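Next, two complexes with subunit A in common: one pairs it with subunit B, the other with subunit C.
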Partner chain A sequence: MLFVQIVNGLMEGVMLFMVASGLTLIFGVSRIVNFAHGSFFMLGAFLTYQFAPHILPGTMLGFVLTVIMAGMLTAFVGACFEVIVLRRIYHAEELLQLIVTVGMVMIMRDVVRVVWGMNDLATAIPDAMSGAVNVDSYWFPIYNLGVMGIGLLVVVVLWAVVRFTRVGVLLRAATDDRGMVALLGINQAYIFTGVFASGSLLAGIAGGLAAPLGSINFLLDTTVITGAFLVVVIGGLGSLSGAFAAALAIGVLKAVGVLYFPRAAMVTAFVIMAIVLIVRSFKARG
Partner chain B sequence: MNILVRHPVVAGALAFVASASILVLANDVWLMRLTELLIWILFAASLNFLISFSGMVSFGHAAYFGLGCYGFALSAKAGVPIIVAVMIGPLVATFAAAIYGALCVRLNKIYFAMLTLACAEITYSVIHQWYDLTGGDTGLTQFAPPSLDLGARGFALLVLACCAGGLLVIRLVLNAPLGLVIRSVGENPGRAAALGFSQRQVQWVAFVIAGSLAGVAGTLYSAFQGNAFPDYAGMRFSLAPLVMVILGGLGSFFGPVIGAIVEKGLTGVLSHYVVFWELIMGVVVITVTVYSPHGFWGLIKRVINKGAPRG
Partner chain C sequence: MLIMKDVWASYGHIEALHGINLEVHAGEVVCLIGRNGAGKTSTVRAIVQDEIRVMKGTVEFFGKSLVNLPRREVIRSGIGYVPEDRRVFASLTVAENLSVPRSYGTSRLFDLNEVYELFPKLKELRARVAGVLSGGEQQMLSIARSLLTNPQLLVLDEPHEGLAPVITQQVIAAVNRLKSKGVSMLISEQHVRLIRECADRVYVIDRGHTVFTGTVEELDANTEIARKYLMVTRDSITSERM
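Right after this comes the complex of A and B.
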């Protein structure tokens, strides 16, 4: 049982990382704490629900295309939000930036409610990925393993992009010192919009992949954003590798914690976050 | 108009008398709406005290609101006399603010905000999961007589008195030497430290004051609604006063009053006519934040100042 829960936890961790990576990327570069990140996840899930029956239903290829399309559309919405609204307030106080994203949460929640209604929706796991494999007399759903694989692929791609490409260099430079990057003659606006769109893309894809796993409803935004905040803060704001470690740890902790302290799992995660922050406050003072 | 701007005490006294007479004259429906509005004003004002004057942005102010609710509800349910129970609510909130605050004020800016969020989520989860004590999701009901046996009008006047009292406390604190220290730490911690003030201590005091006022609001809310739900300590209740503070205008004393009126008024009117009222609220929030960082109170002040002679 423990083994099963650890695997489940790792899978949830990978999902958590996909959401949190976008959040931490956006914070790292633009210093914006994006409350609307969970809303983008939710949008991805609903769009997947919408497209799935129309694009080669039931097949693996169809599902992958569906999720990619949902992710791209989410990225487009994110880019529009960045260009129309966020760009005007980069110079303003952090609090104002945050409130703007809260406004976006309200808008997206209502859009979802008006378009898809208040009921829980569900989308089926594609036939090609249904079923389960037997490992050591335990059954694991193929879909969950597939999601874990896709998630790990995303992690590797993300890492490679950040580590080896010119875009990655710019990204790291911008996280480190925005002003310096601007002085080098690089158009900051492109970086900011690009990062926000990529973050939204990651959230949208994560939402799409998570869609067949549970019910899709308009409350997803807050549940997802609290989890993502946990990961990002524990991993260190703006740090991708930190977020990865934190996501896996929290995923496993939650899944295993459910076995032993079913009621305390959620509290434990936040207590860890609080401890990390408090320890940090002692460190900072030397 | 000028005298009102120059002498906020006169303005405040007038507003109090006016509100009291409105409450005396209002019909039942409006009485309910206004009572709720007054509670929100107090809640938003307590958060504004933290944000605008102490330089601390809390994402978890609902923790103290929710603990005010549950402190009152649980003690009333346990058979404590109502008059004592209404004291226990704010006390529990103050106690929690003292503990959480001691930890939170060690951090700055975004990390402070994140720790307040974590504290609130811990509080929410404990209330949510401690089924035997709090009833979890089903919440608590029927622990106190409706409107505390004061009648709807009497209760509304009590709420008005508490709200006005809360605002007065904030005003007095701000104008006292303590308030000057709090404001100076809020504006420039480095300089305040150079003057010999401990940033952490000052911020802690401000945090506890704000927390206890939120606890008062929570207790009143719980008595008003006749229930207590974990949601009252949740994220939605942390963000709502934040939106009010922003709509009203950062950095002003009356901002949260205006903000709460605008938010509650708009929500009330919009939800009556359209399905997607939250979308419109979102657009309003974004527009105000981007184009008028000083909120509606800033707009009002600009209008008044145009009319008044300079000097």
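Right after this comes the complex of A and C.
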């Protein structure tokens, strides 16, 4: 049973990382704490619900295309949000930035309610990915394993882009000192919009992949953002590798925690955060 | 190439410059002298439009006004900037730091090979993360990084700040090599050795405005100004001998 929970936990961890990675990248470069990040996840889920019946329904290819389309549209909305709104407030006070992104949460929630209504919606797991495989006499749903695989692929691609490409170098340079990047003649606007679009893309894809796993409703945003913030804070603001480790740890601890302390599962993550923050503040003091 | 005329500038409501006049001609090395807080860094920042806002006066580079231009446009117009605190990208390797800038100049004098030749130490350290380098090595990296934009004018803000005397020697050597390559430089500097060995002309700044312009010899001849503003630097000579 423990084995099953660990695998489930890892899957949840990978999903959590897909959302949290975007959040931490955006914070690293723009120093904006983007509360609307969960809303992009939600939008990805709703768009997947919307497109799924029209793009080769039931097939694996159709589902992949659906999720990619949902992700791309979410990325477009994210990029518009950055270009139209956030770009004007990078130098503003943090509180103001916070209010703006929280405002975006409200707007997205209302848009979703107007377009898709108040009821829980659901989209089916594509036929090609339904069923389960038997590993060591335990049954694992194929879809969940597939999601974990896709998630890991995203992690590898993201890591390679950040580590080896010029875009990745600029992104890390901007996270270190964005003013200096401008003082070397680089146009930061592209970096900011690019990071925001990529972060939203990841959130949208994660939302799309999560869509068949539970009900889709207008409260998804807050559920997701809480977990993502936990990961980002534990992993260190702006750190991708930290976020990856934190996401897996939280996923597994929550899943295993359910076995032993079923009522305290959610608390576990917050306890870890508290411990990490306390230890870190001691370290900072030396 | 660079002309600042009666420049007044401020950080928010705090005025830092009240009438700076300054010129740098092609091929020249010009030093800015002044006590701490006299406005050297502010003058340099008023050129690259970093943090400070020019309220009055003109800053022109080859006849083009730089006032209120975005920082990246100032750099792209051919000015390389090495800030006071070096500002290397600490989590990037040396090689990655050097891959950030693009060349904007027409001269293409400096490419990666050229820069490694100028600072061989950087080639040795190229796989090292910049954050762990010594102050002097970071200073070399910051200069090298800026050179890769192929600037027509290199602006260095207090390149000796916080460096050991041995390193100072290396920075002076680097400035001289750049000078021999025909790179024009504006250096905000307290260090008397560098001023004497490299500077074609000096400007003395006090309380946000220019109080003296001339060659090093003219500055020495002007006993009143020399006594008033080179006091600090004379001290540093004696401390160096000790």
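As a convention for this text, the second predicted complex is superposed on the first by the 286 of 286 C-alpha atoms of A that agree within 3 Å, B and C clash if a C-alpha of one lies under 4 Å from a C-alpha of the other, contacts with A are read in each partner's own complex, and residues count from 1 in each chain.
Rule of thumb we're sticking to: a contact is a pair of C-beta atoms (placed from the backbone, for glycine too) under 8 Å apart; a residue touches a chain by one contact, two chains touch by 3 or more.
Note that the coordinates shown come from a computational prediction; the quantities given were computed from them, not determined experimentally.
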| item | value |
| --- | --- |
| Fit or clash between subunit C and subunit B when superposed on subunit A | fit |
| Dominant toucher of subunit A (residue count), subunit B or subunit C | B |
| Partner chain(s) touched by A:N187 [first = subunit B, second = subunit C, both, neither] | second |
| Which superposed partner A:I278 touches (first subunit B, second subunit C, both, neither) | first |
| Partner chain(s) touched by A:V105 [first = subunit B, second = subunit C, both, neither] | first |
| Partner chain(s) touched by A:T222 [first = subunit B, second = subunit C, both, neither] | first |
| Contacts of A:D176 with subunit B and subunit C, given as first, second, both or neither | second |
| Smallest separation in angstrom, by C-alpha atoms, between subunit B and subunit C in the superposition | 16 |
| Subunit C-facing residues of subunit A, complex | 166, 169-170, 172-173, 175-177, 179-188 |
| Residues of subunit C defined as touching subunit A within the complex | 48, 50, 70-72, 75-76, 81, 83, 87, 89-92, 96-97, 99-102, 104, 145-146, 149 |
| Residue ranges of subunit B touching subunit A (in the complex, touch as defined) | 51, 57, 103, 106-107, 109-111, 113-115, 117-119, 121-122, 125-126, 129-131, 235-236, 239, 242-243, 246, 250, 275-279, 281-286, 289-290, 293 |
| Complex interface listing, subunit A residues touching subunit B | 33, 85, 88-89, 92-96, 98-100, 102-107, 109-111, 113-114, 222, 226, 229, 233, 237, 263-264, 266-267, 270-271, 273-274, 277-278, 280-282, 285 |
